[in-house]
Each structure stands twice: as structure tokens, then as C-alpha cells.
Amino acid sequence: MSKSPLQLRIRKRRRTPPGAAPGSINLAEDAIKPKLSIISFGPNDLFELPVQSLADILQRIKQNPGLTHWIEIRGFGDKVLLEEICSEFDIHRMEMEDVINTYQRPKLEEHVGHLFLVTRLLTHLSEGGMRNDQLSLFLSQNIVITMQENYEDFFLPVRTRIRTGKGSLRSSGADYLTYALLDSIVDTYFPILEAIGDQLDQLEDELFDKPTRASLQKIQLAKRELIIFRRTIFAERDKINDLLRTNTVYISDQTKLYLRDTYDHIIQVMDLVESYKEITASLMDIYLSSVSNRMNQIMKVLAVISTIFIPLTFIVGVYGMNFSDKDPISGKELPLNMPELYSPYGYAGVWIFMIALVIVQLLVFWRKGWLEKA
Amino acid sequence: MSKSPLQLRIRKRRRTPPGAAPGSINLAEDAIKPKLSIISFGPNDLFELPVQSLADILQRIKQNPGLTHWIEIRGFGDKVLLEEICSEFDIHRMEMEDVINTYQRPKLEEHVGHLFLVTRLLTHLSEGGMRNDQLSLFLSQNIVITMQENYEDFFLPVRTRIRTGKGSLRSSGADYLTYALLDSIVDTYFPILEAIGDQLDQLEDELFDKPTRASLQKIQLAKRELIIFRRTIFAERDKINDLLRTNTVYISDQTKLYLRDTYDHIIQVMDLVESYKEITASLMDIYLSSVSNRMNQIMKVLAVISTIFIPLTFIVGVYGMNFSDKDPISGKELPLNMPELYSPYGYAGVWIFMIALVIVQLLVFWRKGWLEKA
Amino acid sequence: MSKSPLQLRIRKRRRTPPGAAPGSINLAEDAIKPKLSIISFGPNDLFELPVQSLADILQRIKQNPGLTHWIEIRGFGDKVLLEEICSEFDIHRMEMEDVINTYQRPKLEEHVGHLFLVTRLLTHLSEGGMRNDQLSLFLSQNIVITMQENYEDFFLPVRTRIRTGKGSLRSSGADYLTYALLDSIVDTYFPILEAIGDQLDQLEDELFDKPTRASLQKIQLAKRELIIFRRTIFAERDKINDLLRTNTVYISDQTKLYLRDTYDHIIQVMDLVESYKEITASLMDIYLSSVSNRMNQIMKVLAVISTIFIPLTFIVGVYGMNFSDKDPISGKELPLNMPELYSPYGYAGVWIFMIALVIVQLLVFWRKGWLEKA
Amino acid sequence: MSKSPLQLRIRKRRRTPPGAAPGSINLAEDAIKPKLSIISFGPNDLFELPVQSLADILQRIKQNPGLTHWIEIRGFGDKVLLEEICSEFDIHRMEMEDVINTYQRPKLEEHVGHLFLVTRLLTHLSEGGMRNDQLSLFLSQNIVITMQENYEDFFLPVRTRIRTGKGSLRSSGADYLTYALLDSIVDTYFPILEAIGDQLDQLEDELFDKPTRASLQKIQLAKRELIIFRRTIFAERDKINDLLRTNTVYISDQTKLYLRDTYDHIIQVMDLVESYKEITASLMDIYLSSVSNRMNQIMKVLAVISTIFIPLTFIVGVYGMNFSDKDPISGKELPLNMPELYSPYGYAGVWIFMIALVIVQLLVFWRKGWLEKA
Amino acid sequence: MSKSPLQLRIRKRRRTPPGAAPGSINLAEDAIKPKLSIISFGPNDLFELPVQSLADILQRIKQNPGLTHWIEIRGFGDKVLLEEICSEFDIHRMEMEDVINTYQRPKLEEHVGHLFLVTRLLTHLSEGGMRNDQLSLFLSQNIVITMQENYEDFFLPVRTRIRTGKGSLRSSGADYLTYALLDSIVDTYFPILEAIGDQLDQLEDELFDKPTRASLQKIQLAKRELIIFRRTIFAERDKINDLLRTNTVYISDQTKLYLRDTYDHIIQVMDLVESYKEITASLMDIYLSSVSNRMNQIMKVLAVISTIFIPLTFIVGVYGMNFSDKDPISGKELPLNMPELYSPYGYAGVWIFMIALVIVQLLVFWRKGWLEKA
């Protein structure tokens, strides 16, 4: 990585070992301690008190059966907790395995008692490349559980809307909350695309201006980012589509209307991604033709200089020959041997001839367009 | 942009911020003051009086329940007005959000009480590139509402047909008016394609004639215009197809017959766009092979000049050597050292040999075809 | 066009102006005067008398209700006639608009009382490029109307079969006549493909033999012809397929059996077109590699000549140096300064050394394969 | 063909002339005299007596109604015979037209009383290229008729299995015989693919070893063979698939089980063909990069030789200048003019300097990797 | 192979000869002696005793009708045994033919009494390339038979889970065992992909660092590995999909839930394979542009050296001319002939001029960027 800092490696993935029993909960060694939180809300109520344990959460739910509860679990470093969650919320061990192995494709699974959704959280890194986190979400009648591997807060705008009671979030149920979360994730795809777009614009300027080896690496980087992005978006679209088509009781027709809007957004993102892919391919073409063009430039300079000076060098070589004007033995004059050398205007004549030759050559080059800049 | 004026950037888009509540009406800062107008017509009636406010419009509709009303709103700079429109015509806030965020894909949404259509208005700019506006259209029983961001009049021909009573526009209903509007938009795609086609033709001449770096930029520009155009046309086709297949009461079978014609036109446009895409790819091939060909030309000149003069320079170099015909100490003759120099015909002989050599070389080059122009 | 006579422009098309009322019959300015003809036939009857007007035709049909009538209209230069045809044969104005605007894709439309078919008549021009005419055909119970823009006779073989009573044409109905016309058009696609195939074969020979700039243009020409051809064939296939699947009363199952054969032919044509497209792509590859190869040839000659003579020129340059064998002031011998010049075998020795060097170089080049032709 | 013996032309095809009546039996001029044969077999019987005429065959069938009959007709040079076959076995004239025009795609047609199958017999020619014959097969209750244009025997293994009673061929009916024939044809596709695979392997070795212009032709040849092969295989697969899905009484479910196996084989062939196509594309890439690499080699040699000797030639040129150490008129010493020439170690010094320079240059080249082989 | 050790040939395949009777059991000559084993288990029982013959196995099954039996056969070198298996377990001879001809695509066949599955076992070889074995599996009510050509143990993790009673393997039936086997195979695809990914990463470093001819071979190798891998994965996915959709009694809904998880894994693998294919294509682009870049480097050095020294050589050539300052006969002064040679500062002046020229040239090159490294 030190050599080519721009390279984007498709990430290696922690996995349960081949042949392991399905549903094994194998925690990563560096899994961090879970942080729990719960927001309970209804049209008129909002509880957002700190919780220490799953027991607190269960009690809160029990006490407020009429409210919508959003349980957040960040960090997976407690196997016992994860197993308790499984048993308390009737989550299958294979679902929990997918939660922990954070390389799942976006998907929707319908289980008895809840829906299980996997969503990818993409973040464009300022140093290039993309961060790719997993959000696992369980949706039942009035409970939404979201689980993520790290402490980052991806949902501040949604939380703010709950707190301020803005929009219809407070008065709608768990399915609308799920929609709000998914929609806020899809919304983050736009700024990423804008960043990629800006990058491609810069790259194009650079390529027309002064393409370097680093430009090639940047093109490759952009290409890969788009490969990953596209892969994610396609699966994300399929998931939203599944949500729209499913007959589950957990999503109301009203919420599906909103989800259709999210679906439209994803289609817009896909359109842009496809366009950017085509542009990236064009950039590669521009790069390659730039390399050829620079070669042409170099060759042109070489050809002009060579074509001008090689004949001149020949001419001066002619008059550097040592043909003798006298037979060294007999001392006889050899008048055919290089009489030019003894003409009073020989030297001047050669110069005039050479200058004329150069002028003619320059005229020819100028007409061929070899003296132009590009 | 100043550097490479031909570049076509995929436009950045104003959006509601990520995580915002759905259905927020966030006006752009530079949104212009709305202009309202209404044309009410029937087979025998035509009212096109100026209106100042939504109230005027509502009153007009009330007074003429039997006529078809076409309400036009140009400019979105009045949030209150937009909200009144929502409530008066039973338009959902999420629809109005799509109207304002003018980057929607062409689409058809069926709502209770009306259809909602988004259409793209493409304009080919004389300086290259394309302008891409959004037309939002609401169709109910006898009312068509069109909304656009700016004051431009895209529908003069339709308006003229209403005014002159030409064709069946006056005697048909709101659905036929919708068809007429959509069809007149699709009709504008043909001149754009012609402009692009002319551009490609010119470009091809240029490429076979004298390709430059600017040609490459023009090819890229054409490619991107076609990417955008194609993307729009595909969605437009899907929308028209949805219109044809829908079972809504708002579109009569008679009008669907006309829409089928519009559908055929879009398919023709798509055919042309695909052909132009293939031609653009060919142009890139021609450009690249032109670059190679010019290189070949340059190399050929260099090779001919070098191959002729390098051996000659060697020959004159030979007779520029200073091998002595006498031992400087003993003064003994060294008859093997360059006797040619002392031959009476040495110099002439060298010239004859060199000229013969050049003639032979030229013959060889001529047979190899290196002396030909292309 | 004068510059690059081989170029094939995708044709510009006459159109009704954007926003015009649908179903407008706008004749081209150069539309030619219509020629009318009618052939009426049954198993035992054949009338092929000259007709002057539509009235003659209508009378003929009235008098022979049991026969099959083939009405041909060539040339569209009479608006009144076209409108009469519309009203007499119950043809919608939008159909007639498609007849006149002769750039329709092949299609089948089912109308009450008749079928409307559009077919493309392709003709390969000997000077390269393709002519692309439109045949419009209306099929009702016992009447076939064909309309074309010019006077050319594309259907002589069919007419001959009717006249001679060959095959089952005379004893079958209007649907079989329609089949016979369509089939004879599809049959003309084969010789066009053969011509294109011959062209590609010649081009390939040329490319392996002596590729020039014109070869590139010819490849591009072939590519475009195939693009147009392919586009047409695809739509033609869809049309035949629609004919096979439709439940119309105007086409008997017996005739569908024959149409299936036409369908097979179109599939064969498509197969060939696809193969030719792949071959055209290969030709481009061959052209590009030829350009590279010629460059290699040129470079090889340059490299061989330079590599041989540059060292030799250096050597003779060495002995052209003027290092003095005596100190000019003291007159002292300087025995280290170029003693070779005063050796009796110096000159001969240099020649022997240089010849040996050249032989060694030639051996090296020969082993590297640089002296081979290709 | 003499110029480029490797070229594979897509074969021109004999056809009924455009516009001819369908079902015309137009024999090729060089059609050969038909050879007739019949094998009649049951679990316990086997008759394989010579037959002279269709009458013999019909009699044999009459006498053995309980047996399965395989009638073979090789050669089409007898129009009367073909017409008799049509009438005796209830074969439509359009089927017979397809039999004679031996360029049909593989297909299955269901007719009243029999199935009609067209199959392609591909043979890889040792001199490169492929032979492509047509087998037409009619399957009715207990009769299989196969027709081919020439005398070649493609079905010896099947015939042997009938004769020796090996496998279940003798005890099964006409449908199983059909299966056996089709399966034996599909089996021949594997050795062809192996031959093509071997060819590609050799080609790859050649390309990495010593690519020539002929390699390019061989790649193109392989590419076209694969185009043809692929086209055939796809249609063949569709045909077998049609056989599997059809509800005809002529094929038992038991035989369909076997046909499914043939289908699997075709899918395997298609897999291989696709892989080979990708490999052929890679070979083209390798070829092109080889051409570039050879160019690099040549340029490297030229650059090394030039870079070493051009400066040296300059240096010796310096000391070939004739600046005088004395004013020729005044005889005054000019001590600044080339004192090196009169230094006792001048010549030796120049050599030492030049050798040092060469060593430094070689070091630089060696570090740049220019002295390496590849 | 010795020449290009990296090449990956698509393996040639042993087959039954063309035209052979279907269902022939033709053993390979080098088929190894079969090893038999059986594991019988239930929730509380586990028998894993050695068996010598099929009889032992049959007896064991008879004695334990309530247990799940996993019979493994490794090595096919005993025709009699294979035929006994066919008759004892009601396996069709055509299935056994597929077992022996170990080049089948992954597939699922439903037979009366059992399911027949073919799966590919891929192994990435450390020396490059991939090993591709076949696992054939028969699943009936409580019996799973797996057959493979060699002795290798691919299923140790599953066997361990049976022995240790870990997971639900012991308490579930034969269908769950089948799932466990399939899942463990799919699990092995991930490390292979990781190995390929590592390879591609290394290759990319190499290409940006110092691309050689061997890099090209490595890219081609990776490409082919991915072609094979992809082909296998696609068929594998189809097979799992068939398993999920089938209505067989041999697979419970519970097991299908687990198989869905396996299906998800395959989709993940396919995603990665597609990404790797795109990356491999990029690597080829990088390679080609590297070759061009190196050419540019070489040309730049050549051009700089030539452009500097060719004019200098001309200059020194000028002063090597022998124009005489005196008429040799008359002895008259020729003052125009090269007076520079007799100027006291002539030599120094030439040097100063030449050095100045070089400095100017270097400045120009530096501004053009020719002196930069890349």
C-alpha cells in the first residue's frame, strides 16, 4: 500500500471457517463492547433515557406497549448479549450469524414474527476509497432493532426528526421508522456520487492538461469504487423492490408509498452510476490517446531536428574529406579533387546553400503541420 | 471550464438534505416568482384571459365545469402558492417535492383523483451540450396542470392549435391535451438528434482530414450528450408504455391510440440514438487510428531521411580520416593508406557512388510504398 | 461527400413539424404524381386492365366481389387522392401520415376492417451504401393495397407468378398475396448480404495485403451498412412474429404456415448479419494491427541502418581527429597521438575492422529475425 | 484464397431465386444421383438388404409393419424421386425445399403425421476451417427418413449398434433411433472442440514465442470457426429443447429422458465454445501486445546504440575541427585554439574519456533495465 | 508447458467415444480401486466402523433403518461394484455414466426414489491454476451416497461435526447432511477467491512497478481461472436454485431455509468473481498502457540525446571542413574561407556557443517535462 497509496483493494472478509456449523456466532477478536440505547415514541410521547442492559430495554417495552421502540445495538463484543437478543426477540441464530459477519449483500428476509433487513452504509473517504459498513435491521409490530459493528452515528437526522416531532415520523409506526432509516441511507449515496463526479471532472481536466502515471491509477481507483458502489446499489434496489412487493403485515400500504419514493431515488443513483462508469471508460480512452499523443510530440521533435541536421552534417562532412589537390609523389595538380575548397566563395557558398535548405525544410514542416503545438 | 470549453459535466443537482423529512418543500434560493395562466376550452369555447392568483383560476374552473382547463405554472418561487395548489387539487406533498426538485426521471404515478407525470424537456445548445428541464404534469378529469421551473414557452405549437381550433384538440378532453403536450415534446427530440448527427458528420470529416486534440474532446462531448439523451429516452419510453398499459379512467382508449403513435416515435428516436452511439464509438476508433497513422507518417519521413543520409555521412567520414600517405619520421611512402585521396577521379568517384546509392535507396523506398502520401 | 465518397450518412428525414396536429397529410414538395394499377384475380380469372382513377378501381372491385384485388399506388403527389383512399377504404388519417412519412420502422397495426403493415425495401447500391424505401400495405378481406413513394417495380416476380398462374398464388386469397409480397422482400435481403459479404472478403484481402487509409473508411462504411441493416431486420422480424401471433381474421392458418417459413428466413438473415458484424469488428482489429506492423517495419529498417552506420561513423570520426604527431612549437614527436595514422596497414586495418563489425551486427540482426520480411 | 490460405469465408449459399413460388424443388446442377437404403429392425429381426428404388422400400415397409425402418437417402439428383417421397410419406413441398436448400438452421417442425428435424453435421478439416453439412430427418410412428446431400457415412457407430444389437437400440422404436442419431452428431462436436482447443494452445505458444503476421490470420480463423460453431450450437440447443418440450406422440417420455442427456452435452459444448471465444479474444490481446513489445525491443536497441555513439561521434568531431594553432598570415601562435591536439596524452585522454562515458551510460541503461532481454 | 509454465489449459476430457450406446460404463484405464465407507448416525447413535464390501454396507443399513447413512465411495476402478450400486440403490445406468465421466456441469436430476446431484470441487493450486474435481451425490429418504474419483478427503469438517455432535447435524436427516456437504463446498470457494484476489493485488503492484512479459502471462492465467470459476459458479447457483424450487419429498422446508443461506453465499461469490473479472480487464489495460509508457520513456531519452547532440555534431562538422585559406596555385589569400579557424578565440568561441545551445535545449526540455522521471 505504501507504494501505490491510491489503490483500492477489494476488502478481505472475516468469515466463519469453511465447514463450520451454520448459525455459529463467532465473534471477531477485535469486536468492541456493545452500546445499547432505546428511543420509545408515540404521537405525544418520547422517552430517550439511558439504558445499561437488555433487561432495561425489555422492561421499557413492557411498560409502553403502545409506543414505537427503536433499539440500537452498536458493537458486537458480547456473545451472551447477542444470544439473549436472539431468544428474547425470537431471532434465528442464522440471522444473528449474518449480523455478525458484516459482509452480507443487502437483502430482505421474511421470518415468522419479524422482517430481517441488511443494508450497506457507504462512506466516501477523503483520502480516496470507500468505507463499507453493514446495518442489520429487525422490524416487528412496534419494534425496530438496528445493529452495527461500530459506534459511529449514521442516523442523526432521523433522531433529530423524532426528537423535534418534525414530519410524520412520531405519529407513524415502526414501518415508517424503518422507511426513514432506509431513506436516509439512500440519501447519503448522492453526496458520494457527487464526490466521485467531482473527482472524475478533475481527472478529466488533468488528462487533457498533463496526464501522468498517477492519472492512470486514479482512473483505476474511480473504476473500482464504481464497481463496488454499483454492486451495492443493485442489491439495495432489489431489496427495496422486495419490500414493495411483499405481503407482510409489518409494512403498511401508506409506508409502501413512501418506499416507492426511495425506490425512485435508487433508480436515479443507478442511472448516475452507469453514466459515471461510461465516463470512466472514456477517461481511460483519453488517457491512452494522450500517451500516444505525447509519443507523437516527441517523435515530431526528433524527426524535425534529425531531418534538418542530418543532411547538413552530411554536407559539412563532404567538405571535411581530404581529397588531395596534388599527387603527393608527382606533385601533379588534381583539379577535379574538391575544387570548391579553393574557391574564394566556397565557404560562404556552403553556408548559403545550407541555410536555404533549412528554410525549405521548415516550410515543408510548416505545411505538414509539424511545427504546430498540438 | 475555461480550459476545456467543450466539456460536458453531468449536472450537479439541488436536493433536499439527506435525512430530511419526506415531502419537504424546500425552495431553491434563486427560484423565480411564479407566473400563472389558464386556458379553458371546449369544442365551441375558448377563454384565455389573464389571471393574477390561484383564486382567479379556481373561480374560472368553477364557472366552466364543462370545459377542459389547462393551468400553467412557471416558476416556483412562492411556497404558499405551491402549498395551496397541493390542497386545492389534492396533490400529495411528496408529489410537490418531486415537482420542485427538478431532477426526476420521467415517470408516471397514479394517485387517487389524478395522474402525475414527469417529462424531461431537452434543448440542444448551439454552443454544444444540452439543456435539460423538467415538466411536471397533473391530469385529472378535465384539468391539466403543467409546472416548470422557468418562464420559457415550450408549447407554442400546441397553444396555437388550441387557439385556431386546428385538429381535434378543441373537441377532445384533457387526456388528449396531455397527449398533445407529450407528443410535442417527443417531436423536439428529432431536431436535437439531427443536430447531433450533423455534429458527428462534421467530426468524421475532420477526423479523416486533420484530427486534432480538440477532435477528441468533441467526440467525448458527443458521447456524453448521447449518454444523457439515451438515459432520458429510455425512461420516457417506459413512461409512455406505462400510460398505454394503465387502466386509469383519466385516459380514453381513443387517446391511447394516439399515444401509441408517440410510442412509435420514441422507439424511432431510440433506434437513432443507438446508431449514433455506435458511430461515436467508431469515431473514437478512427481518431485513435489517425493518431497512429500520423505517427507512421512522421516515422516514415525520419526513416527515409536517416536511411539516406546516415550511410552517406559514413562515406564522407571515411575520406575525412587522416591516415598519412607518408611515415612522418622515415618519410617512407605508405601506399595502402587511402590511395583514393590521391587519385585524380577520387572526389568525382565518391560523388558518383553516393548519388547511385541514393537512387537505389529511393527505388527501394518507392517499391515499399514509403514515398506515397498516405 | 466529395472528400470522402465512401461515407454513409444516416439519412435525414422529412417530418411533420414538431407540435403539428397528428394525422396531418403534409406532402413532400417533390412528391411525384401517383400511378394507380389494380390486378384482380381468382383461380380462373385474371384482370389487369389499365386504370385512370380511384373510381375505376372501386368499380372494378364492385364488379368482381369474389376476386382478390391488388391495388398498387406509386407516388404520393396528390393529396385529394390520398384523402379519398382514406375515406373509401376506411383508413385512419394517422395511418396515411405514416404512409407518407416514409421513415417508419417495420410494424404491424391491427385496425378495424384491415391490417396495416410497414415494410422496408432495402437495395444495395453498386457505388456502396444502401437505398432504403418504404412499402405500406393494407390487407382486408379480399383487397391488398400497396403504397410506395416512387415508380420502381419491386415485385415483378410476384406479378409474374400471378400472370402465369404458377404456384398456389392465384387460388389463394389476399393474405397469401401479402405473404408472397413480404416473402419476396425478405428474399432480396440475401443478395444484399452476399454483396456485403463479398465486400468484406475483398476488404480482408486488402488489409492483409496493403492496408491504406481508404480501407479504414471502407470498414466504417460496412459497419454502418450493417448497423442500418440490422436495425431494419430486427424490426422486420418483430413484425412477422406479430403476424404469426395475431388472432386476426385476415390471415388464415394456412398462410401462417408459409409466414413461418419467411420468419425462418429472417432468422437466417439475422444470423448472417450478426456474423458479419463480428467480422467487421475483426477487420478493424486487423487494420489497427496492420498499422502497428507497418510502423514496426519502418522502425526496423531505421534501427538496422542506424545501428550499423552510427558506430561506423564514430570510427571514421576517430581517425578524422587532428591530434598532432609533433609538438608544433618544440617539434617534439608525440608518439602516443594517433600512431595508427602512420601505420602502413592503418587504413586497411580500419576497413577490415569495420567490415567485421558489420558482419557481426548482421548476424545478430539475422538471429533476432530483424532481417525477415514480416 | 491462394494469397491467404487460412482465411475462412462464410460460405455462399445456393438458393431458390428471390420471389420464386414457395415449395419449388430446384435441384442444384451438380446434385448427385441418390443412393437409397433401408434398415428394418425389431428386437429379434434385422433386414439390411440392398434396395434399388423407392418401390422396394415401400414394399419392405408394407411387409414388416411391426418393425422400425430407417430409410436413408444420400444425394438429391433426382427430382421425380423427391416428389414421390413427398407424396408417399405425406411430406409438404416446403419441407422438401428445406431439405434441398442445405443451408437451414437446426430446427424442429411438427407436421401432421410426422416431425421434421434439421441438424447440422460439422466436420473439422485438417487444413483448417470447417465443413458444414445438413441432415434432414423425418420421424413418424415407426419410420425414420434421413436425407443428406452427399454419400458420406456419418452414422457408422449407430449402424454398428443396430447390427450387433448392442444397447437398447434394437428393442426401442423410431424415436430412440432418432435420439441415437442426434446424440451421435452432438458427440462429434467434442473432438472438433478439442481440435480447436489444441489449435488455440499451439497459437498461444507461438504468440508468446515468436508472433508473426500469420498468427494474426490464425487467430482470425479460429475466431470465425467459433462464430459459426456457436451459431450452430445455439440453434441445435433450441431444437433439442423444442423436442423435450413438445407434446408430440412420436417421442416417448423414455426417449425424452435420453434426449435430456443430449441436451446436457450441448450445454457442455456451449460452455466450452464460450470459453474458447474468450480465449481467442485474449489471444488477440496477446498478439497486439506482442507487436508493441517487439517495437519496444527495436526502439530499445536503437536508443541504446544511438545514445552511446551520438555523443562519442560529437567528441571525435570536436577534435576533427581545423582550428589553427597559428595565424596563417602573421604566423603568430594561437595558444587557445585546440591545445589538446598538441598535448602528448591528448589522443589517449580522449579515448579514456570516451570509454569512461560508455561505461557510465551502460550502467545507467543497466539500471533502467534496458539491457535485459525482455 | 515447459516453455510457459503459467499457462492454464482448459482440460481435455475423457469421454465415451462418439456414437457409443448411452449408459455405457467405460472405466478410465487409470481408475483407482474404490474405497468404501459408511457413517450411520442418529441423534443418539453414531456408527463409523470399517467396511470391506457393498454387502457390509447393505447389512448395516438393514440393521439400522432409523438412522441416517452416509455412504462414501472414492475411486471408480471396479466396474462390478458400480453396477451393483446401480441395482441395489435403483440408480439408472445413465446416472452412473455421469458419475464416471467426471466432467459434468453442476446439476440436479430428480429420479424416482432419489435425487442425483453433481457438484464441482474446486481447489486452487499453489503453483497457479485450479484443480477441478467432481462430487456426485445421491439423496434418498435416509441415505446419502457420495462418489468421487480419488481418495482426497474434502469433507473433514462435516465429518468432525457428525462425530462431535456439534450443531444440529446429528439430529437432522439426510437432507440436512446433503445441505452440510454442499455448504462446505461453497465455503471453500471463498479462500480460492481470496487467493485469486491476492494474486491480482500482487500483479497490480508489479504492473505499476515493473511490468514484464511474465505479467502478461499472469494476467491471462488469472483471466482463465476466473472464466472457469465463473462457469462453475453459475451452474452451481442454478443447481441450488433448482433445489430450492423443487417439490421433492427428499428435502424438508427446514433444510430449504438453510439452503437459502448457501444460495446467498453463492451470490456473494458471483459478485466477487464479476468484480475480479472487471479488475483483470483493468490490469490488461494497465499492462498495455505500461508498455506504451515504457516506449515513451525510451523515445524521450533517444529524442533528448539526439536533439542535443545532432546539432552539436553539425557544428563541429562545420569546422572540420577543409576550405583553404589560400589558393594552392596562386597562393592568394582567400579571406572568406573559414576565417574563424584563424581567430585566436575561435575554438573557445565554438565551445561557448555549443554550451549555451545545450543549456537552452535543456531549458526547453525541462519546460516540456521531458526531463521528469515519469
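Letters A, B, C, D and E name the chains as they come in the text, with residue numbers starting at 1 for each one.
The rule is short, and it goes like this: a residue touches a chain if its C-beta (ideal position, glycine included) is under 8 Å from a C-beta of that chain, and two chains touch if they have at least 3 such contacts.
Given the structure is predicted, the values throughout are model-derived calculations rather than measurements.
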When you check each chain against chain C and chain D, which touch both of them? none
Counting one step for each move to a touching chain, how far apart are chain B and chain D? 2
Between chain D and chain E, the fewest steps along chains that touch one another: 1
Specify, for the interface formed by the sequence copies chain A and chain B, whether it is same or different in terms of residue numbers shared by both sides, with half as the dividing line. different
Separation of chain A from chain D, taking each centre as the mean of its C-alpha atoms, in whole Å: 41
Taking the mean of the CA coordinates per chain, how far is chain A from chain E in Å? 25
Where chain D touches two or more other chains at once, the residues are 288, 292, 295, 299, 302, 306, 310, 313, 317, 320-322, 338
Think of each chain as a node with edges to the chains it touches; is that a line, ring, star, complete or other? ring
Beginning with chain D and continuing through chain E, what order do the ring chains follow? D, E, A, B, C
Looking at the complex, which residues from chain C come into contact with chain B? 3-4, 7, 9-10, 12-13, 15, 17-24, 94, 103-105, 107, 210, 212-214, 216-217, 220, 223-224, 227-228, 231, 284, 287-288, 291-292, 294-295, 298-299, 301-302, 305-306, 309-310, 312-313, 316-317, 319-322, 325-326, 333, 338, 340-348, 350
Can you list the chain A residues touching chain B in their complex? 155-158, 160-161, 166-169, 183-184, 187-188, 190-191, 194, 197, 201, 204-205, 208-209, 257-258, 261, 264, 267-268, 271-272, 274-276, 278-279, 282, 285-286, 288-289, 292-293, 295-296, 299-300, 302-303, 306-307, 310-311, 313-314, 317-318, 320-324, 327-329, 334, 336-338, 369-370, 374
